[in-house]
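Chains: A, B, C and D, in written order; residue numbering restarts at 1 for each.
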Amino acid sequence: MTLFSLTGVRQVFEGRTVLDIEHLELSAASSYSLQGPNGSGKSTLLNILAFLEPPTAGEIRFQGRVVDWREKTLHLLRRKVVLVDQHPIMFSTTVIKNVEYGLRMRGIPSRKRRAAAEAALERVGLHAFADRQAHRLSGGETQRVAIARALACEPDVMLFDEPTASVDVENQALIEAVIQDIRRQQRVSVIFATHKRLEAARLAERRIFLFAGKVTGPGGENVLSGIIAHRPDRSVCTLGPTVELEVRQRLPSGPVRIAVKPEGIRVYSAAERQNVAFTSVLHSGRVLQMTLEGDAVKLHVDIGIPLKTVLSRDEAVDSGIMVGDTVRVAIDPDAIQAVQG
Amino acid sequence: MTLFSLTGVRQVFEGRTVLDIEHLELSAASSYSLQGPNGSGKSTLLNILAFLEPPTAGEIRFQGRVVDWREKTLHLLRRKVVLVDQHPIMFSTTVIKNVEYGLRMRGIPSRKRRAAAEAALERVGLHAFADRQAHRLSGGETQRVAIARALACEPDVMLFDEPTASVDVENQALIEAVIQDIRRQQRVSVIFATHKRLEAARLAERRIFLFAGKVTGPGGENVLSGIIAHRPDRSVCTLGPTVELEVRQRLPSGPVRIAVKPEGIRVYSAAERQNVAFTSVLHSGRVLQMTLEGDAVKLHVDIGIPLKTVLSRDEAVDSGIMVGDTVRVAIDPDAIQAVQG
Amino acid sequence: MDFLSQSLAAALEMIWSLDDEMYFIVYISLSVSFFSTLIASLFGVPLGFLIAVNHFSGKRVLITILNTLLALPTVVIGLFVYAFLSRRGVLGFLGMLYTPEAIVVGQVILILPWVAVFTMAAVSRIDERYRYTALTLGATRLHAALVVAREARFGIIAAIIAAFGRVIAEIGIAMMLGGNIKGFTRTMTTAMALEHNKGEFVLAVALGIVLLSVSLVMNIVFQLIQGRYGVQR
Amino acid sequence: MDFLSQSLAAALEMIWSLDDEMYFIVYISLSVSFFSTLIASLFGVPLGFLIAVNHFSGKRVLITILNTLLALPTVVIGLFVYAFLSRRGVLGFLGMLYTPEAIVVGQVILILPWVAVFTMAAVSRIDERYRYTALTLGATRLHAALVVAREARFGIIAAIIAAFGRVIAEIGIAMMLGGNIKGFTRTMTTAMALEHNKGEFVLAVALGIVLLSVSLVMNIVFQLIQGRYGVQR
């Protein structure tokens, strides 16, 4: 079942388009990660999905119905979706009163409220903190209480903005466990923004990548600044003093931000020079890092600029490439997305 | 020649010992990185080395002379050492006036001052910014002007507190280049705190690791929280639900922070089970990441807790270990340092 | 020092003996100030709150006007209200001049901008995310506004207390609109200023002690609330 | 409305025709306020600065005392100084009562705590790291303190302007210690409060216009500086 369906959604702040989504469908009872560099529109999208800020243009359907952005009825929609902020705000009262707040807004009678709030605190392991002052909590505890407060509302959708970005390692593990628990045991959909690829891999069934406000393929990683220049036969983007990548996209000369999709990057060991894909241009580089990512291995290669690409485990083992090796790198011009500025 | 010599230096803030250095010698005309987790005492040490905050106890020699912490003469010492903060403060005037400040304090006449300040700005590539208001600069530019302001003083020692932690990628590269330039072309000693291992590797000739205020071996990495328990035959530290490490250090039962030195961790491929070092206990783990670090390869292994260790490139190639492999891990109990709390 | 200590002793004796005249003056002061503060708060707090939470054209202008009204000297307000209330004034027929009600009118004009501006500042200090948090937890707009008001409560109370402290100690309005009529509009400040050299010095000192005590108590409460407030944010 | 507009017209005429009596009152007000502010600033700014930058035992107590002095009503100060300066008082032999100097003494007591507290607040707002930055660049302690003072300059100037605005508009002290003696201690506020119902209503309105103008100009300058100050930090 479709949970959210966004069509032509744009958000403009002070003349700047920060979000521009042609079409995006999110299914119910699933979990999504939102990834992308700072300023790519993750928080803006979350605020729209939480019905907190209407988009400048576009249509959003939620559970099949077009969202009406008039304030009068919006709180009924908001009661199905809760957003947990990166730095959650606690009301200046006790922890339990904070957790009860959503239930109070829904008119739940006081005794039932308390029991539900305590159950929610239990789920984040902070049952013992019920009567503490919420402002006295540490960052990690605050984050967990905020999750309990959202859980208590029994929403259909839970949105998280970088839930573990501002907490220490231990709380990070606890929070991830809670989110995993929410995802497994309930019909709740989870959508969370994160910088952490590993976290996204662990917690999300599907991943959405944003780049400069647009949904892209999983290429939100190789984001670089360069300059477009036009040669007689082709357009190139120069990055740093030595690297020049061919670009198929038509753009005026000048500074751009580019994103290179990892699947458009092929890495060959120094020996294997035949059968090269995409272009005749081969960049020389060095493997700096290999990281396990699910069943795949992410390669971090330095060709004068840092690039990340992904191989399957088998490909990686077969290639015989080791960290520190010198390699040849081919890049598909069609895998390069450029945005002016 | 010895630049700094610290003996029995302790710094206590509000009853808490944040720095406790038995002995530390720093040579002149060299470059040092200061590494360690948050709260390990890096900034505290820098403030002492900059003569900004006297230690609670201990003796510091600078260029062979014992430091006298009376305010009257301290500014003469401070004129040989400049600290560049992580978030540098700009005086609310123009960029050039900021850069001239140290020279003005040293009584340099106005024309000479201007020329020297311009030269310093040139070195950080911000010559064109001389007459801008310093408060209008971006974070990265502020950091660079602060470096120029320090350079203009022509100190014997430059201290940096996380010089690139708060700037974007481009400024990071520029700042690293400036620091490298300082290190190469002058008789200036450079000491910088950083979180970034790669940065430390690139910029520092020698590395100092701090853990809970103490100088440790290069083991500031595997910092974990655990609980000490005593068994009939040995003391162990339990970390998370499944992992138990033997500890030789004598400590009362209770929560601790431990640091495991990478050199005390040995990784064996699943096949190779004989000739195991240190202990009879072998942990089963998985290789999550391999990173090139100078001539060595850093391994990131998950044995229920995340551990980092280092192999030489040759060892790594020989072992045939690949990202994603299941491995056996042995840990030297003597490589574990524990601190209560 | 003799003269001062004698006056002090006599004044304390007057306070201690529950002197009727003195306490009636204190009573008039307190009740006039109470009603001024009450009325100014009833209008000023909602006004400040609405300005803080709403975006509308002319908001900046309105804030500037309120800030400017903060600078109105008491004697200017007194003169202005006098011009309306005097027998020759537009509202002269009301016969309000030289009544406690006239003082209240002037004092409300004095402190309403204060209450509004400081309420506005207190509410503006509350992070926008408090409102968003309430909304995402299912609050209606009204409930979200109440959350913000609740978070700003210490600031608002501090504003009201400061306003009370200001009117109880002011003299220009009380004198020009009340006229210092014994037993009717004679407040602590007007009595102290006008009567001490008519031989009522002991009364003046006694009133000074009471006024100082009231001001200090207000100040202590204000500081406590500010301290509490400061800790929390 | 007729009465008000007639008075206004006559008052404007008086201002326009450079009426001697009126301008002499304005002159006395401005000069008394100027000297009060000057003296209060000479002591209050260094006091506030020293409290802000130094750590010493009793600092909290001193701050609390200064904050408490902010709440001193003008009439209490007036009465207190009167007790010292009156012929029967300890300092009576100075013959200062009902002179401009007496007003200055009272007003200095009124605003010195204001200047000190707001200077202290302005200096305290300056990040400790300004001092450290100056020190690490080789400044002596004195120079580092000057850096901090320089960064706090807008806040300090704002404090002084606010103090001037307060004394020019206050009436309790001017009346009790000056006595509203024509051509000598008659200030704008005392003239307005005491003379308007003796038939000098036109003069009162003219003085009201001048006082309001001065207050508004002070307020505008204050807001401009605060705005500048706010942007920078």
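Structure notes:
Here is the rule we use: a residue touches a chain if its C-beta (ideal position, glycine included) is under 8 Å from a C-beta of that chain, and two chains touch if they have at least 3 such contacts.
Just so it is clear, the model here is predicted, and its values are computed rather than measured.
Distance between Cα centroids is largest for the pairing of subunit A with D.
Annotation: 57 Å between the Cα-based centres of subunit A and subunit D. Our note on geometry: subunit A versus subunit C, Cα centroid distance of 53 Å, whole angstroms.
Residues of subunit A in contact with at least two other chains: none. Residue positions of subunit C touching 2 or more other chains: none.
Taken as a contact graph, the chains are arranged in a single closed ring, with each chain touching exactly two others. This structure has the following touching chain pairs: A-B, A-C, B-D, C-D.
Taken together, the subunit C residues at the contact with subunit D in this complex read 1, 3-4, 7, 64, 67-68, 70-76, 78-80, 82-84, 86, 88-90, 165, 168-169, 171-172, 175-176, 188-189, 192-193, 196, 204-205, 208, 211-212, 215-216, 218-220, 223. By the touch rule above, subunit C contacts subunit A in their complex via residues 127, 129-130, 132-141, 143, 147, 150-151, 232.
Subunit B meets subunit A in the complex at residues 170, 225, 286-292, 297, 300, 313, 316-317, 322-324.
Listing the residues of subunit B that touch subunit D in their complex gives 47, 50, 52, 71, 75, 78-79, 81-83, 85, 88-89, 91-92, 101-102, 105-106, 135, 149-150, 153.
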